[in-house]
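In the two complexes that follow, subunit A is the common piece, with subunit B as its partner first and subunit C second.
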Partner chain A sequence: MTRAPPAWLRSARVISGLTIVLLIVLCAALAPLIAPHDPNEQNLVATFLPPAWAKGGDPAFPFGTDSLGRDVLSRLIFGARVAMLVAVLASLGAMLIGAVLAYVAGYFGGRIDALIGRAVDVWMSFPPVILSLILMVGLGVGLRNVILAIILVDWTRFCRVLRGEVLVVARKDYVAAARLLGFSHWRAITREIVPASLPLLITLVSLEMGIDVIVEAILSFVGLSVSAETPAWGQMIADARQYIYDSPWNLIFPILAIFFAVFGFNMLGDGLRRTLDVRLTATQRV
Partner chain B sequence: MIATVFPLVGRRLLASVLILLIVSALLFFVLHVLPVDPAAMSLPPSATIAEIEAMRREMGLDLPLPRQYLIWLSQVLQGDFGSSIHFRRDVLGLVGSALPATIELALLSMIVATVLGIFGGLMLFHVRGSRMEPIVDFGSILLLSIPEFLWSLFFILIFGVALQWLPFTGRLDPDLRLPQGTGFLLVDALVAGRFDIFWSAMRHMVLPCFALGIAFSPTIMRVLRSSLLDVYQEDYIHLARLRGLSEWRILRRHALKNAILPTLSLMGVQFGFLFGGTLLVEVIFSYPGLGNLMVDAVRNADLPIIQAVGLAYCAVVLVINTVVDSLYLVLNPKLRIR
Partner chain C sequence: MLIASDLAVSAALANGAVPVIQDLNFSLAPGRVLGLVGESGAGKSMIGRAVAQLLPSGFSVTRGELLFDGQDLVRMPLDKRRELLGREIAFVPQEPLSGLNPVLTVGRQIDEHLARLAVGDARTRRARALVMLDAVHLPRGAELLGKYPHQLSGGMCQRVLIAMAFASRPKLLVADEPTTALDVTIQARIVQLIAEMQRHDGTSVIFITHDLRLAAQICDDILVLYAGRPAERGPARRVFSQPAHPYTRCLQLSNPAMSGPRRGLYALPERMPGLSALKTIQGCLFAPRCPSAVGACARALPPFTEVDDGHIAACIRITATAEISVPAPAAANAPKTGTPLLAVEGLSKTFRTARGFFRHDVVAAVRGVSFTLHENEFVGIVGESGSGKSTLARMLCGLDAPSQGTIVIAGRDVSDGSSRSNAHRRAHVQMVFQDPQSALNPRRRVASIVTQALEATGKVDWEERLARAKALLSEIGMPPEAAQRFPAQLSGGQRQRVNIARALCVAPNILVADEIVSGLDVSVQAQLLDLLMWLRRARAFSMLFISHDLSVVRYLCDRVLVMYRGEVVESGPTIQVFATPRHPYTRALLAAMPPDDLSAAWPPQSLEIEAAPLAGKAVEADA
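Right after this comes the complex of A and B.
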């Protein structure tokens, strides 16, 4: 007997989003195995090669080469490592801080809620890009600090949305009943409230991963992320922008890579929101 | 109405000033944990350790941080933001000349985003339940996945490099001179009666404004659609139908009035993001605004500029939020009772 797959796995959005995301994760994980070349290997006699299908392309370099003759495809595959690492770690970190504060604020209410609310207000008065740039100045460059900066900027996204949800759930009768049964605050939050807000949390994480890919690309575009030896999509864009007339292809491929990654996470997030949210009606879920 | 709106707006403004103070303290402390020594940077590399020590004392860097912050704050309140370490110019002048350019860019982009967002939202709502819905909906996720800097690069590739229709660097053609004035180029050009400058500035604005506008419109579309869907569940819409009003009139006179409110408050938040989004667009289009100033300052670890520009971004966002909140009060009579 096989059980029918759960509703969220039958949604076309979730499936297509998940496929794209898994594909990129696979690329990142298996980069040394599947990349045709060393991403930093320079080939100065073959710079600015167009993609293999264009006129003058070399089948050895399927997506062509950049200004130093490095293989674009290999650099894209290795660039996925940075993107996925940041997406996973930064979104989980931001979720952890944001969610804990949201549960505390929404559950206890009162003064602590007001305090956390003010903190969110202060954070929201900064455009996210500006705040992450300033934090990068304070923390110094490097991948670890990019992740830290994103966490310190984006926890508010979770806190804002989740707090409202927790506020509603925490006033429900079944939570009061659990408290009357002698559940501690900790147990009431972890056993009664967290499961109720889990669908929202998962959706937010998925969308946040897309945002993180963009922020990492922005920071590496400005030159504040990884060092020059590590290929990253934003860095590839910054390099290619200087040679826009020589080889537009060099610019197009990393743009498409970022776009596909973000699109995958957005599809996944949107699909999950529709299928996991129990309050949506059947028609809205389609 | 003004009597009720005014105190509320006043309270918002007071809160904004408080937030700005907290922000300035945070900025100061974040930037001063940094390993860079401003005293050493402002002296030639041949300076001796004793000279650097003297400079540190002169700049007040040997004092405890809270003292330093208070000194800095009192100078800022007198309009003295210090001078740039790298450019060796007054920071206030640098920020003052860059800020209008960025505000101009952000406002025009917001107009583009609003127009596209409202049209798109109405279209998304119009196709509800039809076979077109999944396609249009898919399209809106697609749009949502392209951030402003990818649009900028696309536009440069297509309209700048391939078709060569529009310029994509700076604010003006190199042979034109900036007219003196407010710094809002479009306004200055019109005041001076220089339509050639106005035209050139407009052409330079098209690509960055559309890149920002398109990137920020899908969120507006989706919120407008879902608030329209909510409003159409209400009894007064059914009643309007029963009275035999046309669909267009129901939308315009009844539904849109209420559905626009959540959209408006979202647009306030969106404008904050858009204002931050100008940073990268400015860098890509070599547009001489706050974003380019900031990125240069970050590369040179030019603290006085980073502090001032950070504050400028926050101040603009807070002003916008206050304006949007006041507008919300004016448009939503329910909030005025008190």
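Right after this comes the complex of A and C.
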């Protein structure tokens, strides 16, 4: 039996976004297999090598080497591990907290809604970068704490956006009908409201992943992310910053990596939003 | 004034052009009112849009002409037509709220309109605006000018729009279902107002409506449309009293009578062919549903036959029309006496509305309502919007907690709201919601919706649910294939059937139905009412039927409660209450309904009671 692919898989945005993201995820997962060198292997006789295609490049180091003679390509590939891990775990974590609170607030309304709403307001009034820096200083460096810090900063985004959607769906008569037919609150939320808000949730998560890549890069740029022996894109930018005039390539490659990762996630998120949002597709079809 | 000759409008669909309007001929003399009558999809609004040249994209006039004062509106250059519209030709829309811009004050919008008509300076325009508002009987005009549309009721908005429409003393007014979204008492006043303005200015009016009775009362001529083609045209009284086309006759018979003995309803089978189906029908478009159709009907489009002077019908069997009749309804199970199934005592509900940070208003939506419902009894609750009908229904079902009073269902007081009370209530009372669009989860299939009650137990597997769904579907007159469909793939009437089936799944003793036939076409309404009567005999349950439509309540219910501003002002056997109403409000409600008898003057010159304002809007704080 052949079935037509779902609408979201036929969107050019989704396909191109998904291709980029899968490519990066693949790099991250298979890093030890595909990286030509150990990312921390120093080669002090071959520092600041330009990319292989430039004059004086060495085919053994396709993207050149950095100030300690480490292979830039290998470091980029290993850096994807940190970026993807943070993107996936932090966005899912933020979604979990934010979504649960949003469903509770939107469904029950009243005082609970007001309480959660105020908490989000207060939370959001802290500048996000400062808040995550303070959290990192408090929690200490390390991958786990980076993820935790991002979750603690970014759950409010999910809560805010999702609550509005939940509020609309929860007031529909079919939710009331489900309650009248004996659905518990839990069942009413999971069977009636969650499916209706799932498109929005998926979209938010994919956009959040792009944001998380940037936040992780910022934190590792200022040295508050993973420890020095783990390669990370932000760290590579920080290292290359000092030699920006001697070896601009060292700066450009990690920036491009971040750019493509974020671009991929945004493309995916935007494509999903366009194809999954019922209201949007309805108006386009008319 | 306005002459349509051989007008045809086509829609470009994927499989070619389909005629949306065809063979349209009418002439509207100055100062006359022409009623365009038909169900949704008949093309009534398309004619109004053709006059305004506001046809949706893909639709175009393909043939004929539309002469306004001798000028062809169809082929008129854009700037010239713009000159006419809003000046010589005015419009009153169906949804008064969407006819006004929500972010501008009423005064600003009237002022802009008058400025376009080049009425003097700002001061003259303001004075003129006040005169206009006074003419449509809106009190405190100066205060009104500073208000925004959402601060007004629907009826007030419609009056403002009528005032604006008549500001330029138009020669032609197109009123597209101007009263459909309003309460009956307000409907009567709006109709009265249009008639008054029309007489005063000598305006010609095209009055688009789905209500044949209303059209017969206020129009000089009626044109009945079916699937875009005129079915019958003639003087209003004649068309109403001696319909020549079977469709007109069926429309009339599908509407419950307001006087005389309770008669059966004629429920037209199926529904009007949709745009894409139109191409496949050969011959008379109505033939597939027509009770007097013969073989010849399906062969060619019937020609227009003159029945009488100026009375034309597109039917080859006009003589058979008068013979269409409906059997008397089968006797319903008589309500049982004895201990009532449901007893409500002193039920009240107050809402708090915030007014500033520490202050709030208390609005009483329902005050001290008491009544009983016996086994097998159908009780109607009538009243206007804001009278507390829906709040009462929600309290009975447990969706809102009462502020005061008790609800006893099958011997158990459930007003404490404990989980055992709620379980007891659920087993006995189910609700059918008003708007199937909102009441059916668009992501569930029909089978899953109607058997949702089984899902709640969590113990029933899908096979069993599917079997049960098919049984329920056959009970409500839907094919078993419908089980796999999504609500979006059903028609409005089918959705409402699914809505009913879901409530029936738990076999409740009491069904609470909140306006379940309003917003449906009369033929679909008749089908649903038939279904309810059939279910009543087959299933033996009691029902609380909430409606603003008195004729439906009269047809369906044994007893009726009349609610006004949250209180039950009158109750008793339906026939008796409607024949000899005691409370002035009941009298006003009844007077506002267009009667079957055309000799009575309608609308009545004075409606006795001021319409109930919307709860929370004008009801000031009680505490």
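Keep in mind that, in the parts below, the second predicted complex is superposed on the first by the 279 of 286 C-alpha atoms of A that agree within 3 Å, B and C clash if a C-alpha of one lies under 4 Å from a C-alpha of the other, contacts with A are read in each partner's own complex, and residues count from 1 in each chain.
Following the convention adopted for this analysis, contacts are C-beta pairs under 8 Å (C-beta built on N, C-alpha and C of every residue); 3 or more make two chains touch, one makes a residue touch a chain.
These numbers come from a predicted model, not from an experiment.
Q: Taking subunit A as the common reference for superposition, should the pair subunit B and subunit C be classed as clashing or as fitting?
A: On the superposed model, which is not a single observed complex, subunit B and subunit C fit side by side.
Q: Vertex at subunit A, arms to subunit B and subunit C: angle between C-alpha centres to the nearest 10°?
A: 90
Q: Of subunit B and subunit C, which one contacts the greater number of residues in subunit A?
A: If we count touched residues of subunit A for both partners, the winner is B.
Q: May I ask you to decide whether A:Ile258 touches subunit B, subunit C, both, or neither, giving the answer as first, second, both or neither?
A: Only subunit B is touched by A:Ile258; subunit C is not.
Q: Applying the document's definition of touch, where does A:Pro195 land relative to subunit B and subunit C: first, second, both, or neither?
A: Only subunit C is touched by A:Pro195; subunit B is not.
Q: Does subunit B (first) or subunit C (second) touch A:Gly182, or do both, or does neither?
A: It touches subunit C, and subunit B stays clear.
Q: Contact-wise, after the overlay, does A:Arg241 reach subunit B, subunit C, both or neither (first, second, both, neither)?
A: It touches subunit B, and subunit C stays clear.
Q: Just checking: does A:Asp121 make contact with subunit B only, subunit C only, both, or neither of them? Give me first, second, both or neither.
A: After superposition on chain A, A:Asp121 lies in contact with subunit B alone.
Q: In the overlay, answer first, second, both or neither for which of subunit B and subunit C A:Pro6 touches.
A: Neither partner.
Q: First (subunit B), second (subunit C), both or neither: which does A:Pro36 touch?
A: Neither partner.
Q: After the two structures are laid over each other on chain A, how near do the C-alpha atoms of subunit B and subunit C get, in Å?
A: Superposed on chain A, the two chains' closest C-alpha atoms are separated by 6 Å.
Q: Going by the contact definition given at the top, which residues of subunit A touch subunit B in one complex and subunit C in the other?
A: On subunit A, no residue contacts both subunit B in one structure and subunit C in the other.
Q: Across the complex, what residues on subunit A touch subunit B?
A: 121-122, 124-130, 133-138, 140, 210, 214, 217-218, 221-224, 237, 241, 244-245, 248, 251-252, 255, 258-259, 262-263, 266-267, 270
Q: Contact residues on subunit C for subunit A in the complex?
A: Touch list, subunit C to subunit A: 397-399, 423, 426, 430-431, 433-435, 438-443, 452-453, 455-458, 502-503, 505-506.
Q: Please name which positions on subunit B make contact with subunit A in the complex.
A: Touching subunit A: residues 15-16, 19-20, 22-23, 26-27, 30-31, 33-35, 141-142, 144-147, 149-150, 153-154, 156-157, 161-162, 269, 272-273, 275-277, 279-280, 283-284, 294-295, 298-299, 301, 306, 309-310, 313-314, 317-318, 321 of subunit B.
Q: Would you pull the subunit A residues touching subunit C in the complex into a rising list?
A: Against subunit C, subunit A makes touches at 172-174, 176-184, 187, 191-192, 195-196, 278.
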